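Just below sit the structures, each encoded as structure tokens.
Shared chain: chain A. Partners: chain B in the first complex, chain C in the second.
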Partner chain A sequence: MVRDAIVGFWHILRAMGMTLKYFFTKPVTVQYPEQPVRLYPRFRGRHELRRYEEGPYQGLERCIGCALCAAYCPTQCIYVQAGENQDGVQRSPGERYAEIYEINLLRCMFCGYCEEACPTGAIVLRRQFALADYSRDRLIYTQDRLLTPSEPHAIILDDRAGSEQERRPGVSGKPKG
Partner chain B sequence: MSDQTVCVIIDGQEVRCPAGCTVYEAATTAGIHIPTFCHHPKLVPVGACRQCLVEVEGMRGLQTACTTPVRDNMVVKVHTSPAAVKARKANIEFLLTNHPLDCPVCDKGGECPLQNQAMQDGPGQSRYVEEKRHKNKRYPLSELIVLDQERCVLCWRCIRFLDEWADDHELDLFGRGADTRIDTFPGRPLRSKWQGNTIDICPVGALTSRIFRFEARVWELTNTASVCPLCGVGCNIVLGVKNQKVRRITPRENMEVNDTWICDKGRFAHGFVDHPDRLKTPLIRRNGKLEPATWEEALDLIAARLNAILQEDGPQAMAALGSNQVTNEANYLLQRFMRVVLGTNNVDHIGRIPTGATPLTSLPGLEHRDVIVLLGCDPSTEAPLVELWIKKAVLRHGARVLVANPHQIELCRYGGPWLGYRPGGEVALLNGLVRAVLDVGAKDQAARAANIEESRSWLKAYTPERVEPLCGTPAAALRQAAEVLVQARRPLFLVGPAWTKGSGEQRAFDALANLTLLLNDAETGFVAGDANAWGALQMGVAPHWYPGQQPCQDPEIRNRLSSFWGTKLSPVPGLDWDGMLPACAQGKLKGMWIIGSDPAHRSQTAGEALKRIPFLVVQDLFMTETATLAQVVLPTASFAETEGTLTNLTGRLQMIRPAKRPPGQARPDWWIITELARRMVESKRQKSWDFASAASVFQEIAKVIPGYRGLSYTTLGEAGWQPAPAQVKARRHLVRVEADPPSADPNYPLELVTGRLLYDRGTLLRRASRIQNLVPSPYVIIHPDTANQFGIAHGDPVWLISSQGQLPFTVLVSDEIVAGTVFVPWNVSDPPVGMLVSEPEGLTRVRLAKQE
Partner chain C sequence: MDWVTDFWIPVIKAIVVVLALLVGGAYMTWGERKLCARFQVRYGPNRAGPFGILQPLADAVKAIFKEEIVPHHVDKAIYLMSPGISFAAVLITFAVIPFGPQIDLLGRQIGLWIGDLQVGLLYLLAIAGLGSYGIVLGGWSSNNKYSLLGALRATAQMISYELPMGLALLSVVVLAGTLNLNRIVDFQGQWPLIVWQPLGFLIFFIAILAESNRSPFDLPETENELISGFMTEYGGIKFALYFIAEYTAMVVNSAIVATLFLGGWKWPAVLSNLHPLAGVALFLAKVLVVLFLYVWVRASCPRVRYDKFMRFCWKFLMPLAWVNLAVTAVIVALI
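Presenting the complex of A and B:
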């Protein structure tokens, strides 16, 4: 019994020592959003719908409402309802556009398959990760919100320099590719 | 094709097949797949796409499998010939050189034969780097179909379908070589009512629907096998639903009903199912206004009021109207409720099939009739699939179509002769035909009637010349028709609802039986225009019939059903619809329940009568005119939202299945009736109203109706069940039926003829947006003589005046109508033409006046 008490005390001392050790090392947490987080270049955050930035279609939505993203999505979190472009009110090039485009981020697992399926490069997973909200409904992202770009306060690590020493401790997993 | 079989060797496999079939068919029977585009099993092969190239030993070059007939001991190589495989691969590549990469935005994507074959056999990449050829994209061919000429692979399927089946030659190839394209003829838009089928058979996304356009990708649809509720044919369909909305309707093959085709009304008019006007909650009239209520409130109120009427005025003060549009289950439960719970036989429906009518025995059997006589029936608008089968008989076997109708219908295009008659002249017309057949056919025909000698005396008065003034049919046309009939091997008489209105049921059918008994192997079939006309009758929604058309007056049957239903059935004869109206007007009816029909819209008399009912309950999809008069309105589920059976015009029982949820709190008819009954019967009887689903209701129906014994939803299956045709004892005697032409009225010298159009402004179709663009503005067709008499010219606005009221129309002057009658399409004008009609429906006389 006495032996148990000594061993127990020794374990507590060891644990306290570990705690004390980290007391004097640099913290891994970041004071977000005051301080930037460091993200890997292929980090997949929240989706964005893109527009054409130049060329004959400048300003038009890239999305043509083909719903291939929804077809490919493993969690079925995308809902697309297409509409037909009327003469004079062109929302996307060609005949078809997405009338309703919604992503349920509560279901999404950020696999990026939608990005892969998209024939026009309309849907991309960008870097916004700060997605917490007070209502579940707000986490069903509608088309207008997806069309609005949003960048987190972050430093993007250089792809080539993304070597081991730049890795934060405690984060396992390799960059994609 | 002969009965001989030949033996061919395909890819080393010995295949036996009938002589005269093609290599493609032989390979298909052996399970060897040959890719095709232009070949379609229902169309005559053309060999246009070259996708089915195979090598045949001893023949130079490669052969198209779809057009090459087999010979005995022919050796064919499909997949074992490197040359053929290479040629087919090259052909795909060629087809793809100018086919746009539209798949993501193309409605065919996902069920496209070209896409599938390109994935299967095509090259992964195109070697063609030049600009693709540009033609018209988004090119509307009609209100319903849009063409993308760039996607077209020129397989001719659409052209061939319209030529071979619809006989509407409205599409063709234009241009030469690389510029070849599908188009309509200048100034002749695509109007065929069968055009929707070209969408299904198009092997690429060239022809697509404008109603389904971009509504959903095909893999997103949940498909439910169902039956079309818009006419009596009951075409087998598939409902494609995405997100609780019916997005499209496609046909389902049933060789006994619709082959693989459906008409455009059935395909495109589903807009009403998801229309925002649908009733979503029960409504109760409070302080003169209909206000939303819960089911509890509504059903409790109905139960209380009906009980009160039962106490004060007895069961005969209540009546119910079923419908020839709703399911058998609903109709059965309604009459069970009225007879068992309330104890009255006052139950009927509007548009009941006339007594003496028999169902058509078989739809595909129409093809093998050499003479088809249409009596007051226009299949093109009332039951379009019947028209398609008639066209098949005409186009493939040279059948003749005789048309007896006050105005010329579409099927008059096959040369008729057209026997125009004035309503009320049906008996005179038939007697004239009997007389003419006896004159033309001499001995053969006369020998068929046992009492021919005594009959000749009364038939003397019906020579074609004497019949002409009685019914307006030209003597020459009668003689011509008689000659056709005498030579007929298997004539078929199709009778429409209009036929019996002028002369009465008994007389019209007696006169017809006189004619048929003189002819070879003649058959009579009634063409019911409504989805469940036979069903409503079979389920006993008639005052004189229990389910299964068992007469109410038979005490034995009454006792048997009394013990089955556990009550004492009333022997008091019930009121039919024609009897209910005066009873309403006299205040004898205190309560009425109307399901799925809108009598107030049909005629002014009915509307006035229904206003006098103290407690009216209407159960419908929409706020109809009748519903606005009701004390309680109950929202019900449409055909896409409920389970049940419909009986088509051949007596075939077919199942509809729920494809989506009803809107709001709408409930299926069977649920509403069951719930109400459970509130009204004593607790020990509740068990007899313990229906958990439509299937359990059908189980009881199968027990009550003798012919349905042993049926269940499982046995009905996908294809439905058809009873064996009833053996009708053929009469051997001519019965004397004298013509009784309606008396003339100098104030209203013209007879009003109404008829359906395929697309109208009825309760359902009014809510199908694009279809509405195809409905003409209200018109009246008059004969040139009438025009002269009233001093009216083509295109004039006129008033059509009857004793009931007057309505504005535009005049079309045409000699395609019998003098002395005017034709007005039903359900097109607003207010409806029913305003001019008085109930009980018989003949309506009108006059014309020019609008100032």
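Presenting the complex of A and C:
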């Protein structure tokens, strides 16, 4: 009984010493709107549709309206309707382009399969993570919004730092689009 | 009858003390959230004003503007009364605690206490018992099994822990030879009572943790088993009243500990003799230290199981308090 009490008292003292140690360490909280969040380079945020930045097709949309992404999507959140390119008003390099391209972010689970299915690297999951909005309609992203590049308030950590690779040996370094 | 000394001065003192306690209780909620956050390596509230200093204000505004809901199955009169009883019991506890020396103000001698009771300690114990009424009536009138269980637990634990608490106080009385809190503070001019009564301090502190339903003894409101216990049916300003009663109780209990064991406003006499207000500052500093201890314990210890908690009180704390009292009495008698 007495021994239990002394041992218990000692344990409580040790617990209190432990908490006091943490009391004097700097908080790990990221003050988000003021401070940038730290993101890993493979972070999968919101989708974006890309254009060719250089070469013969510079400025054209990469998406050719093949709808492979929509076919591959496990939650069927992508809707693609293709249109034929006319002479003179080329929107993409191939015969067809995406006339309507919509992603329902309420259904999307950010698996990244669309990115893998895409033959031209048009759809990519970029780093935008601030996705809250005021209405459900606004969360169905339309083509013009997906084509606008976004810059999240974040620091991108270095992928080649090594330690992260070692901790997750299953992740292969397959280059994207 | 001199209206100024017999009526106006006590009234003004009472109003000032009540306001100070209200602000203190409100800021204790902020302080606890801040301290707890730091113990958990985060910042805590920091959006409302610099360092979140306006957080209690924001909370109060929110609570006031909440819809006033009275469930149809409650006993309305008692249900509405209970938070008030809780809060009032906490406020009147402070009446006998001296928070400073006698000062000269506008040519009058004013003692920085509200009532100089000869049996101040008995008053403290009596009011401590009254506090459980607010909780048990709230739980009973809610007409809900969780609230009732919470209320029953609260009563059982308050009554049980009053015994070791009273015994710890008795050792103080044996040493100081008085029940008057002012005399007890005077007695501690040289050394605070914690030096002579370390065990008594420990027992008393554990007992007031249980008295004010604080973690690790917050069994009446265990979220995981009783969904806030006696507070389940309360919302809006009624809930806020219970909440602020709990935090004001922390402040008041810390004041009691500071007065009885840490030398009140007097110790160390070198500092309190400098200026009358230095005594008040000393008292406040001690209260803050005990409040920090409260939060520190909460951040360190998990909640105990109810049967172990009662066993701890009756089979360990009580005998310990008796032994402490007996040893103290024998030593006082011999010297």
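Brief remarks follow.
The rule we apply is simple: the second predicted complex is superposed on the first by the 138 of 177 C-alpha atoms of A that agree within 3 Å, B and C clash if a C-alpha of one lies under 4 Å from a C-alpha of the other, contacts with A are read in each partner's own complex, and residues count from 1 in each chain.
The definition used in the following text is that a residue touches a chain if its C-beta (ideal position, glycine included) is under 8 Å from a C-beta of that chain, and two chains touch if they have at least 3 such contacts.
Remember, predicted model here, so these are calculated numbers, not experimental data.
Applying the stated contact rule after C-alpha superposition, one finds that A:Glu84 touches chain B and leaves chain C untouched. In the superposition on chain A, A:Gly112 makes contact with neither chain B nor chain C. Applying the stated contact rule after C-alpha superposition, one finds that A:Pro93 touches neither chain B nor chain C.
Shared-chain residue A:Pro36: touches no atom of chain B or chain C. Judged by the document's definition of touching, no chain A residue lies at the interface with chain B and also at the interface with chain C.
Touching chain C in their complex are the following residues of chain A: 1, 5, 12, 15-16, 18-20, 22-23, 25-29, 31. By the touch criterion given at the top, residues 64-68, 70-71, 79, 81-84, 94-96, 119-120 of chain A touch chain B in their complex. Interface residues of chain C, counted against chain A in their complex, comprise 35, 37-43, 46, 296-297, 299-301, 316.
Against chain A, the residues of chain B that register as touching in their complex are 104-105, 109, 137-138, 213-217, 219-220, 243.
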